[in-house]
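Two complexes follow with subunit A in common, the first pairing it with subunit B and the second with subunit C.
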Partner chain A sequence: MPNPPTHATTAEVTAIDTQARGPLLLLLGSGLVWLVVSGVLALLTSIQLHAPQFLADCPQLTHGRAQALRETAFVYGWLANAGLGLALWILARLGGRPLRGLNWVVAGSLFWNAGVALGLVGIAIGDMTSFGLLQMPRYVQPLLVFAYACMGVSGVLAWSGRREDAMYASQWYAVAAIFLFPWLLIAAQAVLLWMPVRGVVQPIAATWFAQGVWALWLAPLALAVVYYIVPKISGRIIPVYEWASLGFWTLLFIGSWSGGRHLVGGPVPAWIPTMAVVAQSMMLFHYLIILLNLRAIWGVGGTTAAFIRFGFVAYLVFGVAEFIASFRGVAAHTHFTLFNAAIEQLGLYGAISMIFFGGIYFAVPRLTGLAWASASLISGHRWLVLAGVVISIAALGIAGGAQGEGLLDPKVSFPDMFGRMSTPLLINTAAQAVLLSANLLLLVNFLRSACPWTRTAEPTPTLFRAATEEAHAS
Partner chain B sequence: MKNGPFLFTGVFLAILISFSALVLGSHSQLGGLTPYHDDTEGGSFPQRTSGLAARGQLVYADLGCAACHTQQVRRPGYGSDKDRGWGERQSVARDYIHQARPQLGASRLGPDLTNLGARQKSEEALLGLLYHGSATHPGYSFLFETRAIAGESSPRAVKVAGQAAGHETVPTERARALVAYLLSLNTSYDYPEAKPYEPAKKEEAKK
Partner chain C sequence: MSTPSQPDPRADTAAVSDETLMASHAKLLGQQPDEKGRYRLMPLNLLFIFSGMIFFGGTYLGRFSGYFSPSVFNEYSTGTAVVAAAPLDPVAVGKKLYAIPGGCITCHQPNGAGLPGAFPPLANSEWVTGSEERLIRIALHGLQGPIKVAGADYNSAMPGFGQGSGFNWSDDKIAAVLTYIRQEWGNKAGPIAVDKVTAVRTKEGARSAAWTAADLEKLP
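Our next item is the complex of A and B:
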């Protein structure tokens, strides 16, 4: 079966790829290891939802700590490493020059991974900060900023040293994400950890940060990948490209305003959740533009296209779901429920992670100069992860619906509410197990494809195709 | 887009504006809130928590209790917070000014705890729940220790089925602090801003 975009012939692999091979594979590989770690934690936290006594006597893994561990490993371990690896690669390729400062990338990624590991230990022993997406203890935070800066320097150098002045949309998104995240992190650390603001300004600042992580970092990283890969695999130029910059600026200027939807009805000034409704509705403009720009993804075959397409649709659906959930009438049903966990799963797993999977399937053969080691592992990962993501989002959504109805009715006790949620929660646990096994397949395939001692042992490329459609649009 | 400095300035402005408006804006609005002094009650509200309860809040935070419990009551009529007995009034920003790290929470897999101390007076019941758990609550036995009874048994010992004779299971310092904190949670004092605006009734308006 032809499966075009997972393979790169040697003709496509340039000096830019071979020179950056080691550092970028290090980033992508460490991301995948963290993905498996967070998968184990996700399975564990999901079991705890229907069996509260599971590991309850283990102080390191109370449900609250395990949730913080899962979220941290997922966002700072998997998404950060994979996103940076892909963004640096794209910036180098579009800049037309080999990456500079690669030693800094290697040092930065080692420090970053050490920082995340230390952060997880800190959370497990009870030093978590209790701010969502900023759970790692205070003593790890400066290391994270330093490590990120080391890696980011290479991206900014690739961007500023580009061959041509003109920039592609992919470059805007990649360079904005790389440049903005340290500022976001430093600002959040300053007002939450080093000089904490008072009272409820803390949750407001924490919500601003969490929304910024999405709108100013993860979403731009994912869109950089989509804007780069879609023209390459579809062989078509981007339609209505002149609107792309409006979509970009809408995301950057409006996207980070919409976190207030998580504070609706809370002890915060009413303008904060109101502003979130306004921002979410303005963000629809952003989703419309990228839909127009990237619609060429439909009608393209292959593994990379399948992942990118799924992630892209999930990104759009996530935008609409956030918009609807920001209304007070809707939030009365969904606020404080697992419905928000379903939306988070849709955004972080369904959209960002699936896009990164597509990016990894596209980039790794071009970095190694050889095809993926196993086509059956690719296929296994693809179907398992698709099933796991869809089922987990649906199960969490249904559980959240039952929880919302239960919470609204004061006659329903918590045991009754959990009784109504038990079936979808069990299904979610099964989906998490499927996701974990899927990602183990990807990790094994990655290690077999990327490790120097196994690379040469691959005489015939898997998923071969002729290199005819690659030359354009780069 | 060709202009690099333009791009850089733009993305930096994007983060600067949202940070200034949302974080610094709400800080300037709420950062200066002071306790409300009530002459008739002869004190200021909210009141500061005791040392043991303040340590208990750290235990609450480090165990991650906020993953399942909120500490924010929504206004009567929005959600069922009042009907469930979680609070007579909505929580307001002033409730949190003495808290080093407010634990608003974002998930209600368990009940809201804003006013737990007002409805739950029994230390024994809370210690029992923490040790044994329930159908929906984990039992955190690591917050307790089993020891030989020296002299009189402790009044705080929890009942454990099949306990060896001459031994008792008692809460550790952390468990006692956590329970002291939970029992201190009470925001029943009515601030002026916590009373929802009620339009004057028609009859009064006619007069």
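Our next item is the complex of A and C:
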């Protein structure tokens, strides 16, 4: 396969970046703030698992609410902001034109963050709903839809007004995520919050939504980032790129069918979990295509590549783990245990977040026009977050295994079971503390890099040339 | 492509521009498969893998889907189990049939006492608690003309309720309503079996004319 000519001398900071600097840095920055908030909450909930009396007297932070707060801050605060920021940036760059509707992005971002903050307050005072990933109270949900639509406008304009007719895989994934999430959110709100369906249809709709958040929103956002950055930093054409569309369509068509596996053993007709198991096995095809396409990340040096590589591997491992855990025989051991929390940590932290970290490390220098402020903060974040993610996944997995065995064995009493789980849970708390400190380092580094007045003292060692129109000449 | 040996961790350089990235990948997709010298096999291996997955999925669905029935909750169900209908209580069924407007209740009244001088009672009636043969025939085909019930004389007409009549009740229904009246209002006679009704109806064939008391008294 021929390699394209490299244009390493092309100016890397274009008018597209300078013009979108403020709004996109706002999105990425607010994402990082929420990441730290959710890190604090993750630490609290992890402590509560081995010390149940911790904060038990504080009704706003009992385990159920703290868990919902953590999840909401993580998904709607961190992943949504960072993912949209990166998706808009990629759409603009691949579209070849500066972003339009940037005021909408700023307004949407402010409304979105206000909505998430209001939602967290609502959860804390007890207005949360009972549906996973849709726990913010009913009254903030329309605001979220509105805010997301505002931010999405810019992405849709960047896509529809692109210079080249041809589309690259990153654009498919980013546009799919921008279009599908509002539809998913509105549909789920309608059938779960505004005109609730009754009985067992409720959990079916709720698991459909939760699976859709992964398969139709977060995974496409992450894949948009990976598909953009891998050829960008490796300089290689994506291997067997002509199969990429097969991976895209399997994710979109089959991905959201597998939500029913969480209802195995529940009061739903047998075909719903069975269909989910089958869908999960068909999804292996998607993961196979991703493996073939994005293996070009191997052997590339640098911070971005390290994060993307980790996220890429975690994404594939997540696919296989979900497939295995969806079978009824396995689910009998893992269902309702912390093993599911380990898989969630693998998917949302190990895969999606690590990919977003890589995207942020790549995008921020281009948006600011300057290199990151501190190399030691980067390396500190990199090693701490790696250690934290790996250890927390392993600890939760081991605790889940012990929990599953204990729950199935009638001879093991509850205190005995928790006794066996306490060591891995303590280790998980340590890992959450490590993750929190890692993300604080990233936030500090981001603030130092993004605020121009903090950079005046140093001899701005930018690697990039100033914005030119050079990139437009082709 | 050319990764620096000592990359600055603070800013990863890009190896290709966005334009090159777009153009080189668009070229791949735009390439005609039968372009001379560039022929690329259909990804047969992918096709095999995907077919294998579909085969697995289809087999798994066939085995564990419970025939997509909304009422099958056990994935090991083979779908052949027939839900047994709960047996009906003939007295309860008969009570409902008795109360159908225009039916028994109109003449014989809710308390089974009839109307003195016009319609005979069912309560404490020797015709009801006595011969099953006669009672079944009355219900099937009707009755007209003079009749003596519980010591009083009556002369009116009752329609038939059996198959072919205006009511067209099945043997089940006839048996149920007769069983009901034979144990209600102080009556203490045994139930009427469905088989017995069927036997009588078969024996009488296509009879549609109402019975008279005189005819019935010839029967056992």
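Keep this in mind: the second predicted complex is superposed on the first by the 446 of 474 C-alpha atoms of A that agree within 3 Å, B and C clash if a C-alpha of one lies under 4 Å from a C-alpha of the other, contacts with A are read in each partner's own complex, and residues count from 1 in each chain.
As a convention for this text, a residue touches a chain if its C-beta (ideal position, glycine included) is under 8 Å from a C-beta of that chain, and two chains touch if they have at least 3 such contacts.
It should be emphasised that the depicted structure is a prediction, and the values quoted were computed from it without experimental measurement.
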{"item": "First (subunit B), second (subunit C), both or neither touched by A:Met282", "value": "second"}
{"item": "Contacts of A:Leu252 with subunit B and subunit C, given as first, second, both or neither", "value": "first"}
{"item": "First, second, both or neither for A:Ser130, with subunit B first and subunit C second", "value": "first"}
{"item": "Which of subunit B and subunit C A:Gln48 touches, first, second, both or neither", "value": "first"}
{"item": "Partner chain(s) touched by A:Ser160 [first = subunit B, second = subunit C, both, neither]", "value": "first"}
{"item": "First, second, both or neither for A:Cys451, with subunit B first and subunit C second", "value": "neither"}
{"item": "Which superposed partner A:Leu407 touches (first subunit B, second subunit C, both, neither)", "value": "first"}
{"item": "Partner chain in contact with A:Val320 - subunit B first, subunit C second, else both or neither", "value": "neither"}
{"item": "Subunit B and subunit C footprints on subunit A, overlapping residues", "value": "166, 245, 267-269, 275, 328"}
{"item": "Touching residues (chain side subunit C, partner subunit A) in the complex", "value": "1-4, 7-26, 28-31, 40, 43, 46, 49-50, 53-54, 56-57, 60-61, 64-75, 77"}
{"item": "In the complex, subunit A residues that touch subunit B", "value": "48-49, 52-53, 56-59, 62-68, 126-128, 130, 132, 159-160, 165-167, 172, 175-176, 179-180, 183-184, 187, 191, 196-205, 208, 212, 216, 245, 249, 252-253, 256-257, 259-260, 262-263, 265-269, 272, 275, 328, 332, 335-338, 340-341, 403, 407-410, 414-415, 418"}
{"item": "Contacting residues of subunit A [partner subunit C, same complex]", "value": "3-8, 10, 12, 93-94, 96, 164, 166, 168-169, 228, 231-238, 240-243, 245-246, 267-271, 273-275, 277-278, 281-282, 284-285, 288, 300-305, 328, 361-362, 365, 371-375, 378-379, 461-464, 471, 474"}
{"item": "Complex contact set, residues of subunit B against subunit A", "value": "1-2, 4, 7-8, 10-15, 17-19, 21-23, 26-27, 29-31, 33, 61-68, 70, 72, 74-75, 78-80, 83-84, 90-97, 99-111, 133-142"}
